[in-house]
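First chain A sits with chain B, and in the next complex the same chain sits with chain C.
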Partner chain A sequence: MAADPPAVPVMPPAPSEADIAGFVVERFLPGLDAADLDPEYDLLATAVIDSLGILHLAAWLSDEHGVDLPDEELTGRNFRTVRAIRATAGRAVAREERA
Partner chain B sequence: MGTPTEPGIVATGMAFGERHDVPATAADYVPDPETVTALGYDAYHRAAPGVTATDLAARAAREALENADVTVADLDLIVVGNSDVPDYLGWDPSAAVARSLGAHGTPTVLFTQACAAWSPALDHAAGAMALSPGVDTVLVVLVNVVSEAHSNRMDFNGCVASDGAVAAVVRRGHPRLRRLSSAQFTNPEYADLFRIEYGGAAVPLPPPGRGLRDVSPMASVYRHFGRDPERFQAFMKEITGRLADVVDEALARAGRDRSELTRLIHLNDNQQTFRAVADAVGLPLARTNAELARSLGHMGAADQLVCLWRHIEAGELALGDLVALTGVASPGMHWFCTIVEV
Partner chain C sequence: MTRRPLPLAAAFAARAGERPSDPALVWEGRTTGYGELYAMACRARQQVEAAAAPYPGRPVGLRVRKSPEAVALVLGCLMAGRGFLLPSHELPDLPLKELYEQAGCAVVLGLAGDPLVDVVVDPSAPAACGGTGQPRPPAEVAEDATGFLLTTSGSTGLPKIVPLSQGAVARFTAWAADAFALAPGSTVLNYAPLNFDLCLLDVWSTLAHGGTVVLADPERGTSARYLHGLVADHRVTLVQGVPLLFELLSRAAAESGPLTTPEHLVFAGEAMPARVLAGLPPAFPHARWFNNYGCTETNNSFLYEVDRTRPVTAPLPIGSPLPGVHWLVTGDDGRALTGPGQGELLVSTPFQTTGYANVPNGGKFAPHPDGTPGVVYYRSGDVVLRHEDGSLSVLGRTDHMVKVRGTQVSTQHVESILLEHPAVAEAAVVALPDPVAGHRLHARVRLTEPGSAGVLALRQHCAERTVRAAVPSVFETVSQPLPRTSTGKVDRNRIRESLSTARP
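Moving on, here comes the complex of A and B:
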């Protein structure tokens, strides 16, 4: 009997914009309905996200979604909006899949 | 009754780089200029091409000597604090400043503890006066010129870095602007934070394909705390908490307390940090140099004396007022406070 081929690791999909909006609202904008958070709302210019916020988001992506961001992705511009955070997570997932 | 022995500042001089507008130029430095404008700075100064830290330091020093009506020959000691990468390795900017001023034989000393250099520089002047009866007049010069080859003035540590120098003629027993006391706390756990990774003896050159500025200072900070938000938050709290501690310690050494404090002059930090620092020390933001910081940028070790003099020129300080000059400096990490009575 032939040996089974090695299992191809299956990467979890990056969290959706709705997932990210939910976390952002829960953590940084209590009282707001996540559905009301525009995915292009500037979280940096409005001081919703700062250097500590970046770490909270990176930890959430890692702990809850298995998405580990490389050091060079931990910059403000990658966390400016819900859409930017989704793109940042998507790049990390794609990188893992290539590896 | 004897003459007071505490040194006092007789006069100062300043020299800045060319003024630039932060919102108009932030995009030249970072791909996301809104993150820079959110720091609250309006302007910064940048030395013109070919203008060195020694040039700015010497210009400030000449102005201070003129304002104090003393010549370089009257100086017993020259103390220089240089808070960014010096023009050369294995080279002493304090001697270069002395040469530029035409000094001959006057002892010089250099402090390089980044933007903390102002406090040990003033302490050294006071210590020299206390230990050596012949030291009566000291020139303290503090200069910051960002080496843009080594760091990005708008993407470093939450400040917009600025090029400037300040010099102060300090005299034994001078009755105005008396340096009363200092206190310092160093947490060596943070010795590696915000270091410039390449160019020193450990790693003289960046790896092939990488540049001197390719290592993000914040990424290395995040790494230091294991990317743990709780540890990072504790660090942020430590920054302001220890600052209040050194203010109290310096005040106690002068036999004073916080209720007597007229003004807090902190490094020219971003506006969010100013609010945290004012809260920690228990002073309203209006009694700090937060507004001056907006228009000056962070001039490294020069911030505190530049702002002290600006507040005096603006009539915001009166005879007898008690001022705490404070700073938090990396590498180190150090917390400093020097108490000055106007």
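Moving on, here comes the complex of A and C:
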């Protein structure tokens, strides 16, 4: 069988924690240095993001990184920290690669 | 209190007769004895009577800064049986003029020439008391006759004029003397400007009971060393004031030594932050602490003595109602709570006004169907929490309650949480309209030192202490002191205006 490359475009990698922290700071914590945002900092309890913020983040993942999240992934738990957002995006990328 | 207490002027005159050489006032290092102050008050009385004679029954306006002469002028009005409006001298001329008019002032009296002053009074002028040289006793006054006309702090618009009857002030001074053992030998620091309701305790109750008032110059009210010197040098036994005063005294005590003479500390005006409370024990090793709750309309209504043998947590409870005070807490339906819960505090005190002189009372003073029949309650505008054991804590003002994503939030409560953070020196939280959330909270915070706490740490601090809706959506840290109103409270209106004009 010919080893032709697959005709589908290569999936972009999921955004890194630094990318996500950069967006969260730019959009929700203006004036802060993104490096100061601990990846485990609870963004929900501290009201940095609310449900509207989750939608903003999902739209950013889709528009800027081509990562589309199914509705059932849009839960608070999946957006609680930068690390959780990274894992959520990572799962979505893995799912698309499998598909 | 079974005996009817003496009116303030009569009580002062009696003290002056008993112990004329006792110190009444200390000002700028100079002591004025009771006899001397009485003579000054007599001279002021004559001049008040002469100036106001054509206008029987009308109050006079006073335009004075704090000084022994100003104290004598107030006493002179009381001795003449004249009502007097005592507004803040910091008010601009235009609103001040309006206030004098609204109060129906016959003439405006001052101690120095001024465009607003009709008659300059000189309590030190040599004219003796009465033509015969014999001092006349203070005029007889009816219990319900108006004496003091104070003003509210008025963060919005013109201050409201609060008339206090001779009887109300007499009852107040009797209570204060009882509660804080005011007597000859007591030395009381007066920090507030002379027009503040706090002076009913620290100036007027002290003079009615033979103690000494150490007058602090409001111009130097932020000098920690000056204030520490006043307390230490004059062996002050009672200190009443806003948290700022106690913060300044504690700071100075850390450098210049503890203040060992104060026996009573009375917290007033706003809630004491945890950080300020924590600084008190080394600064005042022998003092009892009292949290005082009241307002200009009712004067003191609740008092809480802090139990120093147990851990102290902020905000302090407001404690028990004073003798003769009626109170209830109304819930959302306007009915009185019968158990634990949250609502507006309604109070009635033996010291309260009968209503504003210049604006409609707007339902602020009224009987309540669930209250004691015949008792007129004042709607305090304070939201309180009634605990299981019946004690009360103040959560904030009803007008500081906003809805954020459907949750009732007190911006003042959020401020008090921020002030508990050791790195926060000042905090203001304002609610801005938000199309989605209803309101969003904006916190402006001045740190004790730049960089001493990050925005993330402050968010975390709030999140650990309150519901998520009460965590401000924006935290702004500044290095400049927050703007304050003429009465020293953080000027949230100015902050809100600066934010709504800065953003589209």
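Assume the second predicted complex is superposed on the first by the 91 of 99 C-alpha atoms of A that agree within 3 Å, B and C clash if a C-alpha of one lies under 4 Å from a C-alpha of the other, contacts with A are read in each partner's own complex, and residues count from 1 in each chain.
The working rule: a contact is a pair of C-beta atoms (placed from the backbone, for glycine too) under 8 Å apart; a residue touches a chain by one contact, two chains touch by 3 or more.
Here the structure is a predicted model, which means the values were calculated and not measured.
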Clash or fit, chain B versus chain C on superposed chain A: clash
Chain B versus chain C as contact partner of A:D63, first or second or both or neither: neither
First (chain B), second (chain C), both or neither touched by A:D71: first
Most chain A residues touched (candidates chain B, chain C): B
Touching partner for A:V48 - first (chain B), second (chain C), both, neither: second
Contacts of A:L32 with chain B and chain C, given as first, second, both or neither: second
Overlapping segment of chain C (options 169-177, 241-249, 403-411 or 421-429) - the one that collides with chain B in the superposed model: 403-411
Touching both chain B and chain C, residues of chain A: 42, 44-45, 47, 50, 52
Touch list for chain A against partner chain B, complex: 42, 44-45, 47, 50-52, 54-56, 58-59, 62, 71-72, 74-77, 80
Touching residues (chain side chain C, partner chain A) in the complex: 405, 436-437, 454-456, 459-460, 462-463, 468-469, 471-473
Chain C partner contacts - residues on chain A that touch it in the complex: 29, 31-32, 36-38, 41-42, 44-48, 50, 52
Residues of chain B that touch chain A when the two form their complex: 31-32, 34-35, 37-38, 158, 216, 218-220, 222-223, 225, 227-229, 232-233, 236, 272
